[in-house]
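This report refers to the structure that appears directly beneath it.
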Amino acid sequence: MSTLAAGLPARTTRQVRLATREPILLRAGVAIVAIGFLMLFLIVPLVAIFVEALSSGLGVYLAALREPDARSAIRLTLLTAAIAVPLNMVFGVAAAWAVTRFDFRGKGILITLIDMPFAVSPVISGLIYVLLFGLHGWLGPWLKAQDIQIIFAVPGIVLATIFVTFPFVARELIPLMQSQGAEEEESALVLGASGWQTFLRVTLPNIKWALLYGVILCNARAMGEFGAVSVVSGHIRGLTNTVPLHVEILYNEYNFAAAFAVASILTLLALLTLVARSLVEWKSRRAVPKHATLPEGEP
Amino acid sequence: MSIEARDVSKHFGAFTALDHVNLHVPTGELVALLGPSGSGKTTLLRIIAGLESPDPGSGPILFHDEDVADRRVGERRVGFVFQHYALFRHMTVFENVAFGLRVRPRADRPSRSEISERVHALLKLVQLDWLADRYPSQLSGGQRQRVALARALAVEPKVLLLDEPFGALDARVRQELRRWLRRLHDEIHVTSVFVTHDQEEALEVADRVVVMNEGKIIQVGSPAEVFHDPASEFVMQFLGRVNVFSGRVEHGKAVFDSLEWDYPEHVERRARPAKLMVRPHNLVIHAKPSGKSCFPARVTHVNAAGPTVKVELVRESGEPVFVEVTRGRYAALDLHAGNVVYVSPRELRVFVEKEDDSSIEFNRPDARDNGEARPAREGSIRDWK
Amino acid sequence: MATHAIIRRQSVLPGFGLSLGYTVLYLSLIVLLPLSALFLRAASISWSRFVETLADPRVLAALKLSFGAAFVAACVNALFGSVIAWVLVRYRFPGRRFIDAIVDLPFALPTAVAGIALTTLYAPSGWIGRLLEPLGLRVAYTELGVIVALTFIGLPFVVRTLQPVIEDLNPEMEEAAASLGARRYQIVRHVILPELLPALLTGFALAFARAIGEYGSVVFISGNMPNKTEILPLLIIIKLEQFDFAGATVLAVLMISISFMLLLAINYLQRLSGGRGRAGLA
């Protein structure tokens, strides 16, 4: 033994290369490729938006946002989100409660159907409402007789937006509530709490961060949706134009500075969403330590 | 408050969790539901709590002779401690314990100061008063478990139900908590039922042990009764290490190899296969052959650490044998691996195989071949595993 | 055992009827009713009309472009996405949290905004287009531009699907392989890659599915030349604007069927990878 040990003095001082790591040069190369790709595809476009927006000076930038058509587009976008987001939030909570707290036949199909709007092209999301409510659609003639306009009007925009943002909240909540299990709620019931008390005092505090994040995502998509809204809106300036549609019109009129100015608001919204996501993730990681309650494994 | 469940069955799909179970828990007792995974013990506990409904056609669940089967879980006044505690993770320890009082309808709700007083008294009882402002994630497993208990006691339950109360704790904390639970029960005397798969835990803590297997109650009795008078081969095997010898009964004798014992329950000439079971501490090691009922074996391993000495041997047939001897006996015998010694049972139990099917029926409590007194239960049986 | 844990939940907790009833009602009104309008309309279209619509060279060109570009973009994303996911999980470097957050940008940024930004960058006078022009590479208003837009859109799907799986990789497995004498590239090839493959395929399929249906980010950069750079969703809009409802319906049904098959494939792959990995956000 002693001779062996004596033969290896040089070895013992050298750092052992970890089995779970690549050699340092390779690591640096891989990291550069990854970050370079992200730079090219994400950072450069992001910077470009703001540079273009301010390319004609701050005056033009502010004017583009103050212009009446831009303001009415902003108003319509806010209105649409204000209707779509709360509706989808209530739905998301109800769906997550039903799916994670009870067992019933057809649950798998229900979950697939909730995901359906994500699998459908935004253009088709608009098309189905045109086929349902449009002049040549199913309910079109009847709606015309009642003098109700849905397609090429605000209700159509709201409906299409609800459709494309439909799964966001439910999707955030279902995996979380599944992993949290029902024990805390059962516990509250044993202690004499009513159903609503259990929901408000136990369930809601436990899901609040995921719920908030779902709502933020839902809102970002609701305000930024382009394809579906484009199909149902009819692009009537000042009436059925949302912010993304307004960007398109300005761009197609070669009014690039104004187009990017308006686009920069949407970009700020997107960045805010990303910041919120990071914050919520950080918060929920702190609030729910890994070793908290595990689901029960034994009958 | 006594608990009684009559003729309770429960199926989950095709799986039978409980099969016509009858359970009676007298007022003030601490009862253990003991059994392996899937034996139905947790299901039975949850049915008593009202967290699960029994199959239609099951009998009543009686609390002090009053049927509570139709009552919602919150109205049964039970304290339930979940296996993983299910503490409300966003509430402090204080808020957790106060929850049951705070959710009461305004008319029954104690005042703020009363709640605070009560919660602090309970936290003192579980020796956690100093942790009132912590969150569950900041507590150790044992502390969480005690908070869960305090929370369950806050609503002044008529019965206390605990699902694997020590299951998620490490061995040392578990030992401490178990003694503590026993003392607590002696103090507050609320009728309590706990579920466990750990026989040592059940035997040490409970006034009465209910052994379950495959959805049925196999035996009910005091710890000493179920340990010393197991009603079946299953109970015997489940309650501790045991040596099993395949033999037969015939002619009023229980026989295995060339050894035989009196067994007057079976006087017919026709032999029936039987299992002869002996606990390790009921085997005696001799240096020389002694009497007719002993067999030779070779020592393979000796573990002298602990209050008793554990000896592993093999018989000539290759069958392993486990023996526990006292330290004095060990010193006198001077045992080493490789020694050939002679082993005789001091007390053995015979389980004759049923004729209609292969399952084994309890037949007779014991067939002692001499009048030697039963030794007191020694040390930790689990260490042997 | 797991099955009873689920089944046993049904009894005590309240609100089953209310929550499920509301879920089904809302789902029916918002999703099922409009979708069934599409399929009912499709049912009234004759078979020959179906074939005629799909055999139109303009439609065939759009199909080829949509699928071809989506496939190439998904491949690019699979390659770079896995490198990015690996770097984000395994390496520690300043700005990692920022990079991690920015990966979701394509989810959060409205597609129209992404579209005009990419078009401006890759136009012959743009920051990047200007550099590529001397090399004879034209991106904007060509198939290449479509691929660039679809790559942008699909990137987070691969990264976010792989990340949790890489996080869950047990380093002991790699150490065990190393203790058995495997070199690092052998460990990556024989131990890590097989573990990641289901998630990688899932991410690929998600990016692919999203790319086929994508509209906003593509229409600006593609130039929309018939038979050359027209994508399938755009063709649906064109048919709609020409009041060719039947034609639009045929294309929509075709796309939905393809999406549905992809969804089935994704579900299968996710079951393979043990349900790990998020299916993405949008």
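Letters A, B and C mark the chains in the order given here, with residues in each chain numbered from 1 onward.
One rule holds for everything that comes next: a residue touches a chain if its C-beta (ideal position, glycine included) is under 8 Å from a C-beta of that chain, and two chains touch if they have at least 3 such contacts.
What you are looking at is a predicted structure, and each value in this text was computed from that prediction instead of being measured.
Colleague: If you average the CA coordinates per chain, which chain's centre is most distant from that of chain A?
Modeller: Result for the farthest chain: B.
Colleague: By C-alpha centroids, what is the most central chain here?
Modeller: Given all protein C-alpha atoms shown, the central chain works out to be A.
Colleague: Averaging only over C-alpha atoms, locate the centres of chain A and chain B and give their separation in whole Å.
Modeller: 52
Colleague: If you average the CA atoms of chain B and of chain C, how far apart do the two points sit, in angstrom?
Modeller: 55
Colleague: Please tell me the distance, in whole Å, between the geometric centres of chain A and chain C computed from their C-alpha atoms.
Modeller: Centre separation, chain A to chain C: 15 Å.
Colleague: For chain A, give me the residues that contact two or more of the other chains.
Modeller: In chain A, residues 186, 189, 295-296, 298-299 touch at least two other chains, as defined above.
Colleague: Show the residues in chain C shared as contacts by 2 or more other chains, in ascending order.
Modeller: If we look for residues of chain C contacting two or more partner chains, we find 1, 4, 7, 12.
Colleague: Mind pulling the residue numbers of chain B that touch at least two other chains?
Modeller: Within chain B, the residues that touch at least two other chains are 17, 37-38, 43, 50-51, 72-73.
Colleague: Mind pulling up the chain A residues that touch chain B in the complex?
Modeller: Within the complex, chain A touches chain B at residues 183-184, 186-194, 197, 201-202, 205-206, 287-289, 291-296, 298-299.
Colleague: Residues of chain C touching chain B in their complex?
Modeller: 1, 3-4, 7-8, 11-12
Colleague: For the complex, which residues does chain B have touching chain A?
Modeller: 17, 37-38, 40, 42-43, 49-51, 72-75, 78-80, 82-91, 99-100, 103-104, 136-137, 151-152, 154-155, 164, 167, 197
Colleague: Write out the stretch or stretches of chain B touching chain C in their complex.
Modeller: 12-13, 15, 17, 37-38, 43, 46, 50-53, 72-73
Colleague: Spell out the part of chain C that touches chain A in their complex, as residue ranges.
Modeller: By the definition above, chain C touches chain A via 1-2, 4-7, 9-10, 12-16, 18-20, 22-24, 26-27, 30-35, 37-38, 40-41, 80, 83-84, 86-88, 90-91, 93, 97, 99-114, 116-118, 120-121, 127-128, 151-152, 155, 171, 174-175, 177-179, 184, 187, 209, 212-216, 220, 233-234, 236-237, 240, 243, 245, 248-249, 252, 255-256, 259-260, 262-263, 267, 278-282.
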